Structures are given as C-alpha cells and as structure tokens.
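A, B, C, D and E are the chain letters, set down in written order, and residue numbers restart from 1 in every chain.
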Amino acid sequence: MGSMEVGTQVEQKSLLATLAPGKRTRLRRLLFEFGPGHGTLLFLPIDQGIEHGPRDFFPNPASKDPEYQFRLAAEAGYSAIACEIGLATKYYPDFAGQVPLILKLNSKTDVPPSGDALSTCNANVEDAVRLGADAVGYTLYVGSPRQDDDLVQLGGVRRDCDRFGMPLIIWAYPRGSAIDQKGGRDSFYAIDYAARVAMEMGADVVKLNMPKLNPDKDKDSPAPYNDWDVSLEEAIRHCVESAGRSLVVLSGGSKVDDEKLLGQTRMIMEAGGSGVIFGRNVWQRPPDVARRLMQRLHEIVHG
Amino acid sequence: MGSMEVGTQVEQKSLLATLAPGKRTRLRRLLFEFGPGHGTLLFLPIDQGIEHGPRDFFPNPASKDPEYQFRLAAEAGYSAIACEIGLATKYYPDFAGQVPLILKLNSKTDVPPSGDALSTCNANVEDAVRLGADAVGYTLYVGSPRQDDDLVQLGGVRRDCDRFGMPLIIWAYPRGSAIDQKGGRDSFYAIDYAARVAMEMGADVVKLNMPKLNPDKDKDSPAPYNDWDVSLEEAIRHCVESAGRSLVVLSGGSKVDDEKLLGQTRMIMEAGGSGVIFGRNVWQRPPDVARRLMQRLHEIVHG
Amino acid sequence: MGSMEVGTQVEQKSLLATLAPGKRTRLRRLLFEFGPGHGTLLFLPIDQGIEHGPRDFFPNPASKDPEYQFRLAAEAGYSAIACEIGLATKYYPDFAGQVPLILKLNSKTDVPPSGDALSTCNANVEDAVRLGADAVGYTLYVGSPRQDDDLVQLGGVRRDCDRFGMPLIIWAYPRGSAIDQKGGRDSFYAIDYAARVAMEMGADVVKLNMPKLNPDKDKDSPAPYNDWDVSLEEAIRHCVESAGRSLVVLSGGSKVDDEKLLGQTRMIMEAGGSGVIFGRNVWQRPPDVARRLMQRLHEIVHG
Amino acid sequence: MGSMEVGTQVEQKSLLATLAPGKRTRLRRLLFEFGPGHGTLLFLPIDQGIEHGPRDFFPNPASKDPEYQFRLAAEAGYSAIACEIGLATKYYPDFAGQVPLILKLNSKTDVPPSGDALSTCNANVEDAVRLGADAVGYTLYVGSPRQDDDLVQLGGVRRDCDRFGMPLIIWAYPRGSAIDQKGGRDSFYAIDYAARVAMEMGADVVKLNMPKLNPDKDKDSPAPYNDWDVSLEEAIRHCVESAGRSLVVLSGGSKVDDEKLLGQTRMIMEAGGSGVIFGRNVWQRPPDVARRLMQRLHEIVHG
Amino acid sequence: MGSMEVGTQVEQKSLLATLAPGKRTRLRRLLFEFGPGHGTLLFLPIDQGIEHGPRDFFPNPASKDPEYQFRLAAEAGYSAIACEIGLATKYYPDFAGQVPLILKLNSKTDVPPSGDALSTCNANVEDAVRLGADAVGYTLYVGSPRQDDDLVQLGGVRRDCDRFGMPLIIWAYPRGSAIDQKGGRDSFYAIDYAARVAMEMGADVVKLNMPKLNPDKDKDSPAPYNDWDVSLEEAIRHCVESAGRSLVVLSGGSKVDDEKLLGQTRMIMEAGGSGVIFGRNVWQRPPDVARRLMQRLHEIVHG
C-alpha cells in the first residue's frame, strides 16, 4: 500500500506540518518534551473512577487517591495524563507544568447497558484552555444508534479545538447493539472502521483498543473482514493506516502480565503506532514495579 | 491506603487550598463561621415539599410553614439551609445573613416512577449569586439511563460555579433501573460509585445517603462488592475516600430515634466525613427537642 | 399549625412585602385597584377555546366572540382576565387599562390523551411586558412524566418574571399516568402536592382546582391521605397552607348552579383562599345573570 | 351571536385596525392591491412538490416547472402566491412586485405516516423580510401528539412576525392519531377547533380545509358535534366565527369540476369567509381554462 | 413539458443568473474553471471511509491513503472533490487551489439500520469558508421518519449558505422505513420526489442516485409511478426536471465496468443532467486506468 512506505516518524512530522500553530505548539510538548519523546506518546488515563467506578482501584488501594496517578505521571515519564474535569481541577494544579494534561471532555458510568451508548460532555475546550491543558479527549462511540447526537457534539468540540489551537484526541470505541451483531466491539472490522471515522471527524490523535481476532465472531462482519486470514500485527497496521495522518495510540485494557504488555507494545510500535495508553496496567501495580515497567516501556516506545 | 493517612481537618484544608477565591470565601463561611465550625458541616435541607409532597410535614404540623425551618436553621446552629428557588425567594430574605443559603438548582416530584430519573434545573447559579447564596446544590442521579442529559446539565452548572466562584454541592444519588439490578440504590457499590462520580464531575462537597449492607442484594453488585465482609463504618470510610478532596456529608433519611441518629453521626465523623445533613430527623421533632438534639449533634460533629 | 394563626389579609401583606417593586406594583393592581379589592382576587379565564375547543361556547353562543368576555371582565368587576397571546393581541387593546391582563404563556389542546401531559410556551414574559400585562400565567402539570421538561421551562419563565418584575401565576394541575394511579388529578393528595410544588417553584399566586374527597380513590394515595377523615373545607385549608406565602385562588370547573357556586366561594374564602377564578360558570350564563352573580361573588369574596 | 352581526367587510377592517403598521401595510397589499381586492383573498399555493411530490404535476405536465405557477399567479389576478424557500429564492425574483409572496416556513413530505405529524421550519421570518414577502405561512397540526413542539415553534415564528411587522397565516390542519379517533381530520369538530386554536395562537389569517359532514364519523366527536344536524354552510360559518378577528380562507383540496368549485366558493364567501386558496384546482387545468376560471372566481369572491 | 424546451446549457445559465454574487463566483469555478467545464460537473466523493468504512478501499489498497484521491482529483480533471472535515483539514491544504473543495457537512456510519436515518452535521458553513471551499454538501434523507429534524438542520445550513454566498449541494437520498414500503430507496417515485424536495429546500445542485426501474417493487409506489411504462432515460429526465433550476448530478454507486459507466454517463447528460459524481468507480481502479477513464468521461460530459 502507498501509505505503508511512510514510516512512523515521517508520518508524525507530516501531521505536525499540517497543524495550525496552537495545535502544533501543544502537541509538540506531548511528542517531544515529555514522556519517551522522539515523536512518541505514552499516556496515563485516570477516568476509570467514573467509567467503571472505584472497583478498579482495589487491586492497589493507594491508587484510589488520584494524587497517586498524578505523581506517577509526573515522575515516571508519561507524555501526558488524561482525566475528567474534577480531577483536573482539584489534583492537577499541584503538578501543573510537570506533566501535560489531556482534559477528557465527556464521560459516563457503566451502570446502564451500552446498546445506545452516548458519552456527553461535562466540560468544554475553554475549560481545557483555562486549566493549561495541552489536549482534549473525546470518547466517540462509533456505530452507536445515537451517533446522530454524538457526531454533532464532537463537531462542536472539534470547532472549539480549531478556534483555540487545542489538539483533539478521540477515544474511538465501536459500541452499541448494531456493532454487537457485526462481530462485536473488539473486532478488526469495528476497530478499523473506528480509526477511519475518528480521522474523518478531525482527530489529531486516535486512541484505539487492541483488535481481537476471533473467526467465530468475525464471520458476522462485512467482507472482507468476515473471511480474512490476517495476523494481529497486520490488523493493527491496517488500523493505523485507516487513521491516515492522525496519530494512533493503542491501549491494553485490563491488567496483563509484564511480558505480554511489553510484547504488545513492541508490536504496536512496529505496526506504525505512535504510542500506547496504559492505565490499570501501570497503576494497579505497586509504585516501584510500575516505575520499572515504565522504563522498559520507554525503551520499546522510542526504540 | 495513602489517603487514609490524611485526617478530616487536613483534608478540608487541602480542599480549600485548591479553590479559587470566590469558592474559598463562600465555603469558608459554611465550614468555619456558621454551624459547628472547625471545618465541619451541618446542613438543614428543606426540599421535601417538592421531592415528597406536604405529607412529610404532617408529623409536626408547624413544619409545614417554611418559616419554621428557616428560623430553626438560623437559631439552632446550622452551617447552612438548602432549598429551592421559591423558598429562597419568599422566606430567606427575613434570615439573610443569619444562616448561609444553599440554593438547590434542580428538583422533581416523586409521583412518576424513577426508572429513568432525571432532575432538571429550575434555577441557575446567577439566581444563587443574586440571592446571596454561599453554595448551590445539584442532584445527580448516578447510573440513571438519562445520565447523558444529567451530566451535560451538571457540566453547565459546574462551569457557572467556576465562573462565579460558587461552591458546588452534589447530592449524589444512585438511581434508575440499572442500579436496581446491581444491588440497589442504597448498596455500598452504588454509594461508593456515586461518591467518585460526584468528585470527578467537580463537586466541592458531596452529599451521600448512608449505604445499607445487605448481602442478599449485594451479591448482584460487581466484584469486589458482591462478596465483601465489611463493616458499615469501613464502608462509609471507603465512600469518603472515593470522594477524594471533595468533602462528604451523609444523611440519615427518614426519622430515627435520637440515640441511633447520634450514633450514626459519630460513625460518619470517625469515618472521615465532614458532617451531616439532617432534615426530617430534626424538623419533624418539636422545636425544643430539635434544639437539644442539635446541641448534641454539634458536640459530636466538631468533637 | 403555625401558619394558621396568620389570616388572609396578613398573609397577603406578607407576600407583597417580600416582592420586588415591579411585582409589587403590578400585583397590587389586581389585589386592590380592580375587582373586589381588599387584597382579594376574582379572575376570568378565557383559554377554553384552545384547551377544550369552541364547544364550551355553545351553551351561550354570544360567548364565542372573545369580545364578550373582555367586555364582561372590564364591566363586571373582575380583578383580571387571563388569555393566550392571540386574544391578548387582537381583543385586549380595546380594553387596555380597563381590566388587568394576565397573559397565559403556555397551552395545549385536549385532543391527545394526557398521560404524558406537557403544556409548552407559545409566548414569553417580554410579550406580556409589551402588551401591558400585570401578570403571566403558566400551567404546570405536577407529577407528569414530562415534569423534567416542564420544570426547566417554568424555570425560564420564572427567571424572566424576576428580571422584569412580572407576577407569576401558576395553574398547578396534577396530571399524568402516575397521578391517575395515586388517587387521581382531583384528589386531596394531588392538589395539596401541587400547591406546594407551585410555591417551591416561585409562584406568586397559585391557581388550584377544588379537591374532591373520594375515599374509594383516595385509598390509592400515599399516607396520610389514603385514610384521612377530613372535611372539604379542611382540605382546602391544607392546600392553602401548602402554598405558604403564595396566594391561592380556586376554580369551580364546569358550570354549577348559583347557590352551589356561592357556597363554594364562601368556603374557599373561609379556608384562607385569596379568591376565585370563574370562567364557564360566569360567561356561560346570560349577561344580566352573570352580572348579578358577579355582585354576589364580590360581596362574598371581600366579605 | 354577537359576531354574526358583523359582516365580512367590517370584520376585515376590524382586523386591520388592530394590527401594527408593518402588518397592516403588508396585509393591505393582499386584501386591496392584488387579486380580487375589496378586502378579499385568493391564494395560489405551490408547496405540493414537497408535501405530495411531483405526482401532483402529472395531470398538467407544464405545471412541473414552477415558473408556470408564478406566471399564473402574476397574470391571473391572485392576491398572493405561497411557496417554500427554494422556489421563493429561484423563481420569485423574476416576478418580484408583480404578485405578493407568502413564504411558507415549514413543510414535510407525506412519505411517513402522519400519526405524530409535525412540520418543522426550514426558513424563518428574516428570510421572508429579505425576499420582500408580504406574509409568512405556517402549518400547524392541531391535536397532533407533537403539539408540544409545534406550539413552541409557532410561538417563535409569531414573535418574529410581531418584531418585523409580518402578517402570519396559519394553515390550521387537524392531524394525528387522536384526531382520527374523534371524527377525523375533516370533521366539523376538528376544523372548528383548528380555527379557534389558530386564532388563539396569533394568526392574522387562518387557512382551513372544508369540513366534511359525515354522521357515521361525527358520532365519535365530542358533544355537541356528535349529534348535530347542521348544513355545510352553517358549519363553515361556525368555523369562520371560531377564528374571531382572524380572517379565514378555505381550500378545495384535490381537483373538482368547475361548477362545484364555484359553488363552494360562493358558499364560503356567504358564510363569512374572506377568500379561497386554490392550487391544484387551478394549475392542474390548462392555462386558458385556468384563466377563465379565475375570472369567475374573482366575480364570486368580491361579488 | 415547458421546461423540456430548455436545454442543459440554458438551464445552467438560468441558475447562475438567479444566484447572489458569492454563490455565483464559487459555483462558476466548478462549472467553468475546473473539470470538463462548459457548465458541467464531475465530482469525486471521498466520504466512503465514514459512510461504509475502510472496506471500500481494499479493492485498490493505495486508495486507503486519502492523498490518493486528492491527487487524483487535482490531476485528472475533476470539477471538485467532496469530503468531510477531517480530510479537508489534513489533506486538502496540499492541494489548495488545485481542485475546488466541497465540504460535506454531515455524515454517519452505516453500522446501525437506516429505518430512521438522519445524518447530523459535524461541520458548518463557516468551516467551509475558512478552508477555502467552493461549496458545501448536505445529505438529506427524504422521507425518513426523522425528516422533522433533518429539515430544520438543513434550513440552518441553507441560511448560512445564503449569508456567506456558499453554493449548497444536496445529496438527496430517499431513505427510511416508509420509503421501503412505497417502492424502495432506488425507485423512480422516490428519486423523483427527492429531486423536487432538494430544490424546494434551496439546493443549488442536487446529487441523485440512478433510479432503478423494477415493476415488482414500483407497484407499491403511489400513482402514476405504480403503473408507468417508462424508459430509464425518460425517468432520469423527469428527475432532472423535478429539480427545476437546481443542477443535477447523478452517481453510479458501486463499481461497474467501463462501458456501462460511460453509457450511463451519456444517458445522464442526454437526459438533461449537469454531470456525474463518481467515487469508487474511479479510485477503485488503478491510477492509469482511472486517468484514461476520466479522459473518456470528460469527452462525454462536455460533448
């Protein structure tokens, strides 16, 4: 494919080159001044408290205090920390300038079923500007029956980002009853589609979950996904390409063991990803373990 | 846990320290200038007339006249009185400056079923500023299928609070059909989740109901709540911690006897709570009885 | 009860005393300068054309021409006439200053069923100011499943009333599928609840329908209404008290005979009501009969 | 009845006398300067292309080109032509000033069923001002379950009309599942109700369809319509009276033969109507036939 | 028919003559300065990535990189390229001025079923102005149960187009459960209706899909479509006429062989169309093949 001749580094330069000064200034901090640098990204998300509830913090009780994650983000070399307005207001000030802030603008609990998922905005881009954030995050539920409301809302955020020079990071999650009937939210079909939609809607960075290849479920996806003998790395590469000039970071989801995590990260970077976003996989570990893991992640990410 | 090393008093200082001047000025009045003081809170809510109807006033007919509660709040040492716009407009002026006002911005009757609960705003933060209020109150139905509308509405209130320097108190109530299937609105799981969501959404103070430990229902909650041998005090402590730097007040609900009420209050304060909110438990009692009860509450709260 | 020591006249002074100058100026006209005066109210509503259709006018064909009611209101001593924007624009100018105008802001036809009743605004407070109205009217469907939209809409009207100094009269009608299951829209429970909600939402005057005591249906109401041996006058008195400092006017509904109407009026005034609102009961009668009836109503109302 | 002593001509003067200068200036053009004049109205509607689709044009293929209707309106003596924004923008300029324009603000296709009919605005009063229109048209679906949205939308249009001095013509159509159960959209009950609602909502002119007397269906209407021995002319007269000072024009619906059309027109004028609105009945005829028909209509309308 | 005497070229002049200067300036570029010229249109759409997902790109892997289509549009003689905001922002700058941009303002994925189809706006006309676009595109789902929302949204876009002098291109697609019951989205009835609606709503250019004549399904369409012996070219001519002064471009849909595509194009132009819009049919072919095809299309379009 044409776009495969373009390597990660070039791709990123290419993106920055297309950005207006405000976006370029801010995104450069994440890519080059913090975290592993060299045009890569390593994000710490701390929105599980609203997305899943406090239960995610019990494996490491210290993690229940948001200061834990902020300190970790500032001290262990993250490119940025992503959180909702409450944490950004009450915890970020102590670490202002020590680690870039991604203000997540929308959120929801996981209490109601997600057949008609929509994540609505509780904060806006002006809040992000006021707080000194270097990017905003938006969760888009690709394929949800409520995409009509979702795309309008995202359009408003995107316009504000253009107005204020604020990078836009889209958490592109396939979701809803119709996706469930076409291979499911983790299918290659769904993740690949989500990557493209995020780019089409103006994402500067796209956050994806790892696709899961599952022939039994993939047969319900549209062609050619329904009958495609592809490796996981190839699938990731396709997703990265579908996002075009938008940078892609992938996440690991729930906690896995060190070697698996590092292996996944290596695969992501080799497949053209710009970095990873690891939350529970880092802060559910004890601090020292987490810091050692971060060092190894750094090496892999900018290796 | 990390945050457990931080006691109530320190926690409150910590909160005030993070607040902008307007919020700090106003919240300080509630914490130090009125009520039991010493950084504690004792609220009188008088929104039962709309939330439940006049039937709540029959046990003490004098309580039907809102002047009764305002006089009680001003004379018996409450930190603040919380009410809707109608009472704030027609009754608060006579007591202006004698007791701080918390303007409740949203409300609903309990006539329709609450499977899709949403409490919409009938007043705004500018109303609160105009009336000399020192805080606004917002009821958030955590986990309701209509959380999409709720979080947007709360986001607007939160932004206005930031703009006007107005403290935001969130009544964080688990509610709706999905919560009913996961242990119910009073379960430890639900209350703990609600505490965190309120903090994530920018609450300065979170109002919670007392969790009710009930193994029969808790088994429907997600792990680890579904199989957790925890004491009520430990459960409260967890909820207080989940609210992070947001202060927590707990309520007693319907009327119970004096000793039980005082015992609960003691437990709340020992578990890290910043205070209590008692409505029917105080104004359903005769005035003299209520005043004596208030004295004993004062002692426990700042004890 | 405390508030029962306060008589009608004092209650009204008390209300006026709490009002800002614009509201006070306008409401004083209704209470003292027009109609029976002495702090009482006698309203003529002419919104049946939209609420029920032209069929209400057939018993007295002359009443189909709105000029009939405007002339009646101006000449027979009403405190004010209440109508929608169309009549206010095309018929009120001829009687401007001869009788105060209450602009009803919302309305609906009775064609669709009322299980989810909501009456939306077709005019606003600025229209009322422009037309020289002395109050606005708003129909609130207390307990309707659409109370979420209703309370937001009312909140906007209430804020405009505060802004322009315009008295707010709430037609507080229990309505909707849930009320039907708890004793019905005319039950003491429902009317009493409606009175309180209107006051909590900022009504200066509350318009109620007469409660109907019906043990068979009342048993479905919440305690204590489900088993309460109360007289009609006591029930009305409770409803008046539930409205607190908001003045209360009651209506008679469909046409009844003279003596019954006068007897009801006497009971309303003795129970603490501030007046009555009679539409069909007056303009479905021939003009001379209507005028004689009005004289007797005057005597009872300020008697 | 009182209003029956007032003839058509007086009624119209009466309306103009109540109007603000902008409305009076514009409406006078329709009533006196164009069409049959003498205070009468003869409208050509050309919105069938969106309301029904191109199939209405096949009986006279030339009518498919909108220029056909504009030329007819300008040359055959219409009081005004009513159309949507697309035609007003692309075809009216060639005939500007030669025939007054009524800009229809809302519309819908007839593809989906009409049980919950709502016609939403695709243009606004400012568009009408910019295009030099002398009135705006609004379709109100009286009695539709979506009347809540409809009346709000109409309220906004009405306010803009008051602001810009633009006459408001309401197409008052009973519609929706509930009307179907009470005699149907063409019943005397429904049309009479619609006339009154349009007037109550601020119409300067009301467009009605001819009621159809049908005892079999009328028995489902509320009293007295369910058992009323009335002639068609009497029914029309009632509808005209229900609209009060608003002028009434009636339409003929689908194409009928000349004599029936002229007979209906005569009946409408004798029953107090201010004119007629004929679309398909004119432009589905060949041009010469249409012009001869228009001459006879002129004679009847101002006869 | 009257309008049939007017040929393509005259029709287009006629349209330009009715346009305000901003629209005329911009539309002239598409009609005369780029592409085949001579008042014709040849559009390249690249919104399949969101409308269908990346699967459309697999037949020609190079097409997955949006740069492929932009380069093709600029170098192979297209009148304009149509895409969503993400591509316009990140890929158009490199080709700015080399090919006109049509910014598509709304979009949706094809994951959920389309029974209630609505495509909501993720960008606005100001975005188009800022990006130097020469037109905006809007997808209207004619006949969808959600046409109420669709027509309001389109009305806002149309007004902005009038305000900024921006040509409005409507993708007029019959869609939704009701259309499916009346012959389907590709029926002559549906396409013809869609053409007229787009014109009535203010389209400057209408994009239609080719009607498919299918007697088995057409019998469910309203008369006269249900029993009409018409050729495909006649059907297209009718659709072109239904769009009146709005220009019409037709598309070919999924990929067909060269001769069929060229034959269709010839038929479209002979039937009065102003041009064609070919996406997959061009960029799913290898670059050289696509360029040769474009040359032949040029000849046919302005031939």
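Everything that follows uses one rule, which is that a contact is a pair of C-beta atoms (placed from the backbone, for glycine too) under 8 Å apart; a residue touches a chain by one contact, two chains touch by 3 or more.
Just so we're clear, the structure is a prediction, and the values are computed from it rather than from any experiment.
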Practice prompt. Identify the chains adjacent to both subunit A and subunit E in the sense defined at the top.
Written response: none
Discussion item. Since subunit B and subunit D are copies of the same chain sequence, what is the angle of the rotation superposing the Cα atoms of one on the other, rounded to the nearest 5°?
Written reply: 145
Discussion item. Based only on mean CA positions, could you tell me how far subunit A sits from subunit D in angstrom?
Written reply: 57
Worksheet, complete the sentence: Expressed in whole Å, how far the mean CA point of subunit A lies from that of subunit B is 35
Item to complete: Quick one: which residues in subunit B touch 2 or more of the other chains?
Response: none
Fill in: Complex contacts: residues of subunit C adjacent to subunit D
47, 49-50, 53-55, 58, 61-62, 64-68, 83-87, 89-91, 93, 106-109, 111-113, 118-124, 127
Practice prompt. Show which residues of subunit D lie in contact with subunit C when the two form their complex.
Written response: 1-3, 15, 18, 142-145, 147-149, 151-152, 154-155, 158-159, 162, 174, 176-179, 182, 189, 192-193, 195-203, 222-225, 238, 241-242, 244-246
